[in-house]
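Chain IDs A, B, C and D follow the sequence of writing; residue 1 opens each chain.
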Amino acid sequence: MAEGSPTKQPERPEYIRIKFDLPRPYNWSTGRYLGKLYAEAKENKKLVANRCPKCKEIKVHAPTPVCPKCKVDMGWDWVELPQTGTVFQYTYQVYPLFDPHLGRTFADPHPPAIILLDNGVFLRHRLEETDTKKLREGMRVQAVWEEDYEKRGQGFQDILYFRTIEE
Amino acid sequence: MAKVTEKLEGMDVWVYHGKIHIPNTYSAGAVGSRFLIELRDNERIMGTRCPTCNLVYVPARSVCKDCFGQLSEWVEVSQQGTLLTYAIAYQPNPVQPSPVPIAYGIVQLDGADTGFVHMLGEVDPKRLKAGMKVEAVFKVKEERQASILDIKYFKPVRKVTKKRVVVKGHH
Amino acid sequence: MAGRVAIVGVGQTHHTTRRNDVNMAEMVGEAVRAALADAQLSIKDIEAFIFSNMEAFEGVLLPDHGMVAEVGATGKPGFKVTGGGTTGSEAVGEGCHMISAGLYDITMVVSWQKHDCGDATAGISAAAVPTFAKGMVTGAVSEFAKQALSYMKESGAKEEHAAMVRLKADRGACRNPYSHLKLGLGSIDEVLQSPYLVWPIRLYDFCPQSCGACVIILASEKSAKKIHKKPVWVADFVVVHQEPFRAGSFGDPTGTETYSQHVACERLYKRNGITNVRKQVDLAEIYEPSTWEEMSLYEHFYFCEKNEGWKLIEKGVTDIEGDFPVNCSGGVIASNPIGATPVIRIAEAALQIRGDAGEHQATRDIKTAIATALGGPNWTAMFLLKRSL
Amino acid sequence: MAQRAGIVAVAQTKYHPNRADVNEAELAYEAIKQVLEETGLTLSDIDSVVTCCQDAWDGRTIASLNLQHVVGAHFGHEFTVAEDGINAAYVAMSQVLSGDHETVLVESHMKESQGEKSLIENAGFDAILMRQLGLDFTSAAALQARRYMDKYGITPEQCAKAVVRNHGNAKNNPFAQGPMDITVDDVLRSEMLVSPIRLLDTKPISDGACVMIVATEEKAKKLARKPVWMMGVSNCYETHYLGDRELADCDALVKAARKAYSMADINDPLRQIDVAEISTEYSYQEPLWMEGLGFCGRGEGGKLADSKSIEMGGQLPVNPSGGVLPGNPNGVAGMARVAEAVLQLRGEAGARQVKGAKVALAHGYTGICGQLQAVMILANV
């Protein structure tokens, strides 16, 4: 460095980092299709999905105005889904990950699972059983609803989890 | 707990009032860090000069916008300069460092060829005028954190310094 | 493509966890200068810029706007692509379109991610809107965990095979001056000792969060031959998006659904007369966010029969010295600056074709290569690159 | 160019301050349905899709995930771009001219009501040098407005006239969000947001979507009642740091316009262009952008705003639709200008029609003080 230069470069340079920690609020709308699912869950503790007029496939996650595969208008054809099924696949979270909607790290103790409902439709939800030793594919499960009407109105989350059942 | 979902009147549509909250940390890099550290430690405002375009960038930058040259020639500029433009914000937002109204300004410091974007203070907003002389007001040393906010704001110059401080040095 | 397009310059930064010595714009500028040096062009020669980055990870709005000076784009046209993991491929695709459309002669694809600004897992989790996915958010890791479980069950692959994928990647990464994770692993046991993130995905099974940038300069046929001694031709490319599977995002545990990879291959291979990819293509750089996904992608891209992906790993077919090298660079599980990741695949494949990959140059002569990308819910992009057309 | 790219069909939703009743996909689908109906195409006939959205506004990483089903992107070719939708139309044009795609669906949507404007915009400023000051796009625009007005003697009255004229024109536009009967005095007495910008100098929060189909010349002639051709287009970046820019002169717009004009063989824009649709989120931008577009000399935008020549029936009617000021979402605004230009050239603009329009200009911009400017020239012959 030339003489008269303003600062001496230190041996190990100090690097500045500027932190921003502001949550950004949003008002996400369910829209009309997902809203139908919300309404049935809240009012009737029913799980519903819409069905494509062409391929007849039932759209669970999430109801849409267009069938992704046939690319045709879905119309307004709703079916009620059974609330029992078998565990098709599950995993469990060992390491907590940062949840962008909570603003902190979080590990859900309830194992995420793909549940094959009794009408052959796949639902992604979570299991009540937290003891991973007791989990197995093919186990029978049933939806457990939030019983407090005031607390419902959260769509899929109106079902708290799926409980192991003996049959 | 506040209600996060709200049903729209008269239709089966819900609105979820939530947030995205991911903290972000941005590195200033070598050039930006040196600029901020100079504010914090020495109350000096530094620029970098492009020898090709003969432009002094303040705040210091690492690249010339015109010729893409990498800048390594550091220059200290005056803390006084000319107000190029200004605006007074009356609407609050969560990022603003002080309550509204906030006066923003772009100041061309003596010895610089670019404008410095910052706030204006100690002035009646009605008396702001492009072309007026302003000078930097620093926070007290204990409050300075090597950030752009180490400068509190620019205020109108009561007494113009005749001496132009321009110290040049090579990186 | 109406007009033929070639890659005439590539440049990348070294990829790493943290870059405190540069801000985002300066980091990207390093790759711009490297690519210009490679192409022996001046910034004045670049006519238009295509930016690729997933801005949600840095929490920046319009990130391209913040680096106009640092990448030399002042007064120039430009576009910003923002489409999940395949973003980089779409950007290179757009760079090609602009040239073959006759709108520009030389374009520059600028891609990056600076993960030290935020949290990539959180960023990916934010892809799920709370109205339908609240409480089911575990980012990409859990989706790849499900994919791994399905693959294990169906193909008979063992955790040891996933470990072999990491060992292969690590050998490449240790030879690649730019790669992020250089673990120096010696044995399968070492990999199997790494902890689970989401069962059965271990820390070493998954890609890191990297800071890094990659730049590719594209040119029309007329200019390409003047610019570079060894232009690499973009023979063709496809981008195929996909709705999530009924029962998964990156893998279909029901074994009944079509994958975007199949559709992409059908289009790309058919258009280019490829009936046996292992014979007609010499090398691949694929976008594999996890070790398990690499084995399964071998099958989806028809490098082998179904349920035999792990056998390619076992036999060393895809090693750097192998018959069909895959990810000599170390791949995505070694370096993953997401917005740049697909562009790095293309750049690395181009270097292999030029014979300029240095320490991690494949043993066999590479004349034709494919570079792929994976994003969204199993979206696929594929580029076919050739030494001569 | 041997081939031309044609716009086959356009559609917009009615712009609205709060469409909480629909999500992004349903909003976009309202417009998508219209272009499909008009052309008789189905989503399966589309061979490429260009969507335009921004994660920070949609509140979702990979925002295009929101709508891939309604654009028919399953197993399809989809590019997602950011910035204003006018750039998406530009990308679609390149895909068509490249020979790779024949029929491209272009979609742009935005629900500004969904997020918090100033917080989202603040994240667009350099994090080290500007973000901590709490700047948003309006406060930056105010710095530009003051600089422009001071340098060239543009008056608040001249800017207010732009507001009054745009709102007046909007009354003829069925898609317009909020045409208001206002006077220059109303504008000058409205609440001060960031001096010198008042409430009525700005556009309100707006939700909406715009969709179009772009096709090869051959395909466009078959599909469209009246195809409109993309004759010239360009965009251009300005540098980021506000202090490095001469805010009173929009250099990026000058460059973008020059390139678009030269492609379309335009050397006297005021005479050769029949109608212009320009994006102005703030009133001062109308005279400023008109200077950038070469409709008048530097500093003469105020005089032009005062004159009758840009009114309906004038030499070059500007924003017969009412433009952006009565309410268009950012990101859609520029693409909506293209859509409006198309309606003009098809003679389907209803009460806002400029008679016999043959050549139209559409302008859009993205970012702080118009950092990325885009200009498109369209023609019906």
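The rule we apply is simple: a contact is a pair of C-beta atoms (placed from the backbone, for glycine too) under 8 Å apart; a residue touches a chain by one contact, two chains touch by 3 or more.
Fair warning: this is a prediction, and the values are worked out from it, not measured in the lab.
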### Message
Just to be sure I understand the contacts, which chains border both subunit D and subunit C?
### Response
A, B
## Note on the structure
Chain centres computed over CA atoms; the one at greatest distance from subunit A is chain B
### Task
Please report how many Å separate the Cα centroid of subunit A from that of subunit C, as a whole number.
28
## Note on the structure
Chain centres from averaged Cα atoms put subunit A and subunit B apart, in whole Å, by 42
### Query
From the C-alpha centre of subunit A to that of subunit D, how far is it in Å?
36
#### Entry: subunit A, residues touching no fewer than two other chains
13, 15-18, 20, 22, 24-32, 34, 68-69, 98, 100-101, 154-155
### Message
If I count partner chains per residue in subunit B, which residues reach a count of at least 2?
### Response
11, 13-16, 18, 20, 22-30, 32, 36, 61, 65, 94-95, 147
### Message
Can you list every residue of subunit D that touches 2 or more other chains, as numbers and ranges?
### Response
20-23, 56, 59, 68-69, 74, 119-120, 127-128, 131-132, 239, 241, 244
### Message
Can you tell me which positions in subunit A touch subunit D when the two form their complex?
### Response
16, 18, 20, 22, 24-34, 64-69, 71-73
### Task
Spell out the part of subunit D that touches subunit C in their complex, as residue ranges.
1, 23, 53-56, 59-66, 68-69, 73-83, 87, 90-91, 93-100, 120-121, 123-128, 234-241, 244, 251-252, 255-256, 259, 366-368, 371-372
### Query
Which residues of subunit B touch subunit A in the complex?
4-5, 7, 11-30, 32-34, 36-38, 41-42, 44, 46, 74, 76, 94-95, 146-147, 167-171
### Query
Quick one: in the complex, what on subunit A touches subunit B?
1-7, 13-32, 34-36, 38-39, 98, 100-103, 153-155
### Message
Can you tell me which positions in subunit C touch subunit A when the two form their complex?
### Response
20-21, 59, 119, 121-123, 125-126, 129-139, 141-142, 145-146, 149-150, 195-200, 243-244, 246-248, 253-254
